[in-house]
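Heads up, there are several structures right after this.
Shared between the two complexes below is subunit A, which pairs with subunit B and subunit C, respectively.
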Partner chain A sequence: MLTRVIGRLKPLILGTAGTVFLASCATNAPQDTFQPKGPNAQKIDSLQKPVFAVAGIIGLIVASAVVYSIIKFRDKGQPIPKQSHGNPALEITLTIIPALILAVVGVFTFRTVFDLNKTSDTQMIINVTGQQWWWEYDYPTNNEYGITQPIITSGQLVIPVGTKVLLRETSRDVIHSYWIPALNGKRDAVPGRITLNRIEADEPGIYAGQCTEFCGLSHANMRMEAVALSKEDFAKWVANELKPYVAPAKDSLAKEGETVFLNQCTRCHQVNGLTREDGTPVIAAPDENVWSGAAPNLSHLMSRNTFAGAMFDLLTPECRSDVWKSESATFGEKYLAGVSEPCLNQTDLRGWLRNAPEKKPMYANPALLADTGGKYRGMPNLGLSESDIEKLVAYLLTLK
Partner chain B sequence: MFTPGSKYLIAITGLSAFSLALYMLLVHPSALGAVALIGLVAATSLLTGITLFTRDGHAAEDQTSAATLDTPTPSMWPLVGAAGFSLVLVGTVTTPIVFIFGIVAILATLVEWTVQAWSERSSADVSYNASIRQRILNPIEYPVLAAIGVAVIIFSFSRVMLAISKDAGAIIFIVAASAISLVGLLISVRPQLKKSIVQTIAVLAAVGLVGAGIASMGFGLREDLVVAAEEDHYAHQECGEEKSEHFDKGVSETVSATSGADATIELVDGKLTAQVQGIEGLQDSITVRRANPSNIIFRNKDAGEFRLSAHLGKKQIADGVMEDVVTCTQLISEGAEQWLTLTINKPAVSGEPYTLSVPGVEGQSIVVVVP
Partner chain C sequence: MANIENFATPSSAMGALKRPVVTKGWREWVFTVDHKKLGIMYMATAMFFFLVGGLEAVLIRLQLALPDGKILNADLYNQMFTMHATTMVFLFVMPMTAGFANYFIPLQIGARDVAFPRINAFSFWALLFGGLFINLSWFLGGAADGGWFMYAPNSGPIFSPSHGVDFWALGLQITGIASLAGAINLIVTILNMRAPGMKLMRMPIFTWMSLVVQFLLAFAVPVITVALFLLSFQRNYGATFFDVASGADPLLWQHLFWIFGHPEVYILILPSFGIISEVLPVFSRKPLFGYPFVVFSGAAIGFVGWGVWAHHMFASGLGPVSVAVFSISTMAIAVPTGVKIVNWTLTLWGGKLWFTTAMKFAIGLIVLFTIGGLSGVTHSVAPSDTQQTDTYYIVAHFHYVLFGGAVLGLFSGFYYWWPKMFGKMLNEKLGSWNFWFMVIGLNMTFGPMHILGLQGQPRRMYQWTENRAGEGFFNLAFWNLVASIGSLILVIGVFFFLVNVFITARSGKVSPLDPWGARSLEWMTSNPPKEHNFDSIPTVRHLDEFFHRKYAEDANGQMQQIATAEEVLKQLEDNADAHIHMPSPSYWPIVLAFGLPITALGVIYSVPLAIFGGVIILFSAFGWALEPSTAPDTDFDPPSSGDTSKDVVHVG
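Up next, the complex of A and B:
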């Protein structure tokens, strides 16, 4: 009977085992927790591998014993065997052994937890703010790294390699969780509280992450990327972020795009240094239009590789692949080149400008905003004409 | 058909209805007046119906049974119930507390009157009937009456304490506590004391306290409380130097240990410094995220009372009229700390940074940067 059942289930068992085995062979797995790229993630890795091995061996022993018992003592019509109660020696042994194993695991776990919570050696602070469904990064002034004025960006977190960076996380709306597996474990971003998360990257490169606390409709699309640059390249990135705004040339398509941006986008999106015709600075008012109070600051947008909460690439697949797969020595140069017109992912950017809620599920239906007092969660469909989209794309390309 | 009693009530109902019609048609009606007259019409109609049905109370004469041979004892509960209904009606158009009192009176009537009526018919023995009523209702009545008594005593005492000065309040408190202790001592050392003496003392004390409470309500609040109320003590924030004599005296000077703070601002020896979570050393500026509540702790380590004020630019309140946006902690004494939550939606216009300062401490400020 049992043999027949196993025989029937054989394809299923083999199929599942094969799938699991093949999944473990994936080469393109940027969020693999078993590939640490920094000392904090390495600490977690060094802890989890032996714990996983011990747990695996114990699990295997227990599972084997259960399977053996099921087969050996299966019901064959034999009488019920003699029942016995109490075996102090065996019970004490089976209590002490797991307790000892847990105690050993606990010692190493606590040591790792304390190591990961250390903040006294911090070299750089970055404020990380979660919002449905994107992350904002602001860099307080830090003269040691040339940050003479605060920098604000989103989607991609840029850090210098070999630097102990402390992320001060919070949220503007619901609980989110920040996790870049290659650099550290996850930490919740909770409204009204500051949680600390230290990261450090060994090598230049891009490290992918994902919000890991269910936070609403587009939780699965709330992604993030940490970009590690050499210290020299980081200084260049900082210098670029601090560069003043340069208005597009007169009578250009981009200049027309700037006008469209002023009329349509500045209600929510800030571009530092942008002024109106009369010279007055433009201060966006996302707090009046967006439920959670903020919208991504688009200053130097084209120095980033992603948009819409890192859901879409600003680079075409070829150009993106060129950056992601570049060697450490050349990575900084390629990343700092930003987004050029030939490399711009026009398809997704134009699609986003044409109808953002269609590209990313958001609460952006004007007819369904009674609960939020008419405020959106995410970007609404602005009803832009193709001509306006053409102009806007030309303008956004100038925001380097 | 119509008994003498019902004729009177029919007349009263008719007059009430006529008054109601006149009031609604000719007088400018108010909700309170309409409810009162409708209530009167309803009440008299009900009484008319009952009178007609019971033939002026003689309807049951020919249906008398053994269980109803005894005349029911007079009860106050119909009166309480009627008062309760009146309070409910009045409460619907005045204040909720009157409505709640009415509901409580109706519920009490339902319970008491039902149990009383049931117990009086349970046997022919009046004393047994009384005992069975007590067994059911005393476990409810005693705690409720005790709670009401305690509430009346506390309320009366609080009225007295709010009317007299703080110093006199302390003295009265000591005297009252001593008197209670003395009476307690007297009862404990003289257990054979006459019950009537103890009752007299208790009644006199209660009457005296309630009387003092009523008199205190007549006198009103003491002066500083009146001034505080006029100044909107608890809602108004006076973010400059202290001007009012009575302002901010009730300030809470603690911050929850579990609060998540962005920064701690300290006033030490006339200097203002900032400590930011995760950053070593003292800072002269802090970065606050835009459009997000940021918690800041102000700690006064200087002699004297100070508050932290946040100057957050200007806002337009009318065409061409701008007003400073200022918020602040309450005034705190040396060693105390206060919480200030800032939500700043937009970065400062260049040249006018947001700042934190302490009124009365010149030349010291912390710049608040909003990216």
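Up next, the complex of A and C:
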């Protein structure tokens, strides 16, 4: 009985299913795969939409045939049917039709695969390196875009709009995967290999992404954001990244923070231009202290909006949403303003400095590690005092 | 079995190397080599691991019900999803299908047991010990945490410092040995032990699909064996097969794993295809539509299944040529799969449908597997796959394939064959509750995952954040919650099944001889079958032999009953064979299998222990080889346990 009632209702259920599916999606999901914002993602989208439609129609046909049979051929006391063993002509027809549909899909797939792999018209190369659990972005010199010296940053990938950017990906430890859905599909970052991933953004804005190859404990926290700026704004961003280091004013809290930084942080974290009191440049040695051999370069930290592998925002929620929701015409200006003291997400930043492994699961305790020679995986708990944290925050705010 | 106790042991037996003398109580099961008992043991083991894997799944869904879940920490979550997949694939679906194959293949082909009964027993014990061994890691410092795909180098000793991956790799070797031995055994059985007249193209379709699966196992398991050896040597003996600094390429693991892993998908699904290809004709009262097409499409899937593995690696940077080729081959495999769906639907068409629980599960499979198959086609399109892979869309896809497909097929098999195995009918009312809760639960759990994935939620994240969940009422937070609630409804569905089993065991209706009006040979014997299956081996003249002994066309072309099942059986009993030879129980399969986890423990913890395990294996191998071939002396023919008193001789 139950079967029959549900059986009769099924066409209704299925008919509405498609509509419901479309109506039941979130609005503005940051990683929606159906909202391309650049030509590469657009090519994928143009391919996947018809495939979804065809698959949906075939699904409906099968479901309808089953439902029809359930209703029409249920046992109503009819005699035992003729023991027919099949109908080869019908079988062959029903084999050829799907094969033809798939052949058509195959042709378009073929074309798109090769199209997406084209790299000969690249305008800018960025080296992208994954490690547990953050991404490093390394911009080789590129005079056309004013990058006269290499730039190394992390947390946010900044690109100019309308520019064919080639990401050259690799990894320093395990396999990661780079994915900004609005710009292109995924590409794994494999240690010992360089994989290529082409992206291009049509308009200024901020596009969310996430590491999609399982990479261990904090895989879930390995996020990324791609920031697209107009060409003029990008030039400003480059100019800021290349600006020399400005030491904090004497006797300021920030200056004391610089000393804490020198003592505690520069073993792993580089700040370009930072010198010791005697004027010798400070070169960080993450390769001696961290298993992957790298730690984020913190030069111009406050020009970024995130930290700790984009797990946390440097901006308070209000300031963050102000940037994320701004119109594309004003986006660049808001983004380039960077992080000011009133906008700084003090809670997460202080929490991180207080005890990083508590905020983000990492193997920060070398005692838990086999055979790494005491090297950390991730940032350890530095045991900083509250006053040290106060000073450090003041100092980090100067790294504009 | 009750009457093969107290056998005299042949005087030629050497000391310890005798056949079991007492085969009552627990010994009846532990030393048995009867394919039916082993089949039931396989199924019970698989059901236990189904509950374990289900518990892991529920914990995962509880953790993900709300943003920033706190029920599990990252470490435990990673172990949980790794073990959920490992358990469901290797310790639930594979052993469950092995159980069905063990129990029903000899019956379906008119044989009295499998070709190598002791190896059959060994396979079961190796599976059980391997499964327990893997799960032992929970209590010894944590389970494997690298995902069931265990990608290098994340599976290495630096990145996964607990012993979990060691247990995982060695445990899967043990279950792999079980699978390989079982596969060879069943291939030989099917090819050599069919009843007279049972040509290959008269074999029941479940046996056919199982045959394809055994060939897949025989060729796929060695690949994962190699991969697991490399992994174990890397972890336990400092080898550098996947160490990039030493010049290794971690993609080697991915290729090895998926060359095994993709055929594995068909290993999981084809038996269920076979089961519903038995169930649909029985409850439609007409033969399977296009039997040869179903057979050949199954074989075609078995072949093409070897040429699609790299579709798991579309994002890994293989280069456009490989990607395009694997994309096309993946689309190609959709064609034989589609053939099956068409044939099942056309089997229903024009039938006289009887909606038993078994039939409901079978029809559920057609619809839900079709959804999984079609979402599979959407990511055979490689560029789309680079958006979809490693998101919840894939989780939705393969759960529709494996739960909507494989698991519903297995449940269809439970309800269909329960009277055959236990002589009692599972309760149909509870069965209906079982079905509807499971189907609604699984659609609620896995349906929303399509949306989650397409809207960008990646897999394998121990937490998700509201920042990425989007806005509106139907945002990702909503669908995560729906999926979690759905998983609890699924649990209720499974609970109804367990209650049904319990109630049926205590007070279930005794099954008539032919409760469903079945069509194939396994029903041409008592419920449950006698130890020797058939009193006389039937001669087969048709596909669906049993049906054609009961029904024939009259002058008007109408099917008319010409004999009852009881009459058919009576005829077999009247012509019973004299001197039926049955294999004797043996001590050695379980002892030999027990040596394997001991050796594996030794590999992890101490070499002397490994040597001790090796000694057990060696000693029991000798015991196996040297024990006498019969339990009693050969003059002694004990009576069978069936209604008819026929002579049964136990031989090795």
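In this section, the second predicted complex is superposed on the first by the 355 of 400 C-alpha atoms of A that agree within 3 Å, B and C clash if a C-alpha of one lies under 4 Å from a C-alpha of the other, contacts with A are read in each partner's own complex, and residues count from 1 in each chain.
Convention: a residue touches a chain if its C-beta (ideal position, glycine included) is under 8 Å from a C-beta of that chain, and two chains touch if they have at least 3 such contacts.
Being a predicted model, the structure only gives us computed values, none of them experimental.
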| item | value |
| --- | --- |
| Simultaneous placement of subunit C and subunit B on subunit A, clash or fit | fit |
| Partner chain in contact with A:281 - subunit B first, subunit C second, else both or neither | first |
| Centroid geometry (CA): angle subunit B/subunit A/subunit C, rounded to a multiple of 10 degrees | 60 |
| Which of subunit B and subunit C A:166 touches, first, second, both or neither | first |
| Partner chain(s) touched by A:371 [first = subunit B, second = subunit C, both, neither] | second |
| Touched partner set for A:140, first subunit B, second subunit C, both or neither | first |
| Touched partner set for A:382, first subunit B, second subunit C, both or neither | neither |
| Residue contacts with subunit A in the superposition, subunit B compared against subunit C | C |
| First (subunit B), second (subunit C), both or neither touched by A:181 | second |
| Subunit B versus subunit C as contact partner of A:55, first or second or both or neither | second |
| Which of subunit B and subunit C A:114 touches, first, second, both or neither | second |
| Which of subunit B and subunit C A:196 touches, first, second, both or neither | both |
| Subunit B and subunit C, minimum CA distance [Å, superposed model] | 7 |
| Subunit A residues contacted in one complex by subunit B, in the other by subunit C | 190-193, 196 |
| Complex contacts: residues of subunit A adjacent to subunit B | 119-120, 122, 125, 127, 129, 136, 138-141, 150-152, 166, 168, 170, 172, 190-194, 196, 270, 281, 283-287, 292-294, 297 |
| Complex contact set, residues of subunit B against subunit A | 260-262, 276-280, 285, 287, 289-293, 295, 345-347, 349-350, 369, 371 |
| Touch list for subunit A against partner subunit C, complex | 2-3, 21, 23-34, 41, 43-44, 47-48, 51-52, 55-56, 58-59, 62-63, 65-66, 69-70, 73-75, 78-88, 90-91, 94-95, 98-99, 102, 105-106, 109-110, 112-114, 116-117, 132, 169, 173-175, 177, 179, 181, 184-188, 190-193, 195-196, 208, 210-221, 223, 291, 361, 363, 368-372 |
| Interface residues, subunit C side, partner subunit A - complex | 73-75, 78, 145-147, 151, 153-154, 157-161, 244, 247-251, 284-293, 315-317, 319-320, 323-324, 327-328, 331-332, 334-335, 338-339, 341-343, 345-346, 348-355, 360, 363, 366-367, 370-371, 374-375, 377-378, 381-391, 432, 436, 450-451, 454-464, 467-472, 474-476, 478-479, 543-544, 547, 551, 553, 557-559 |
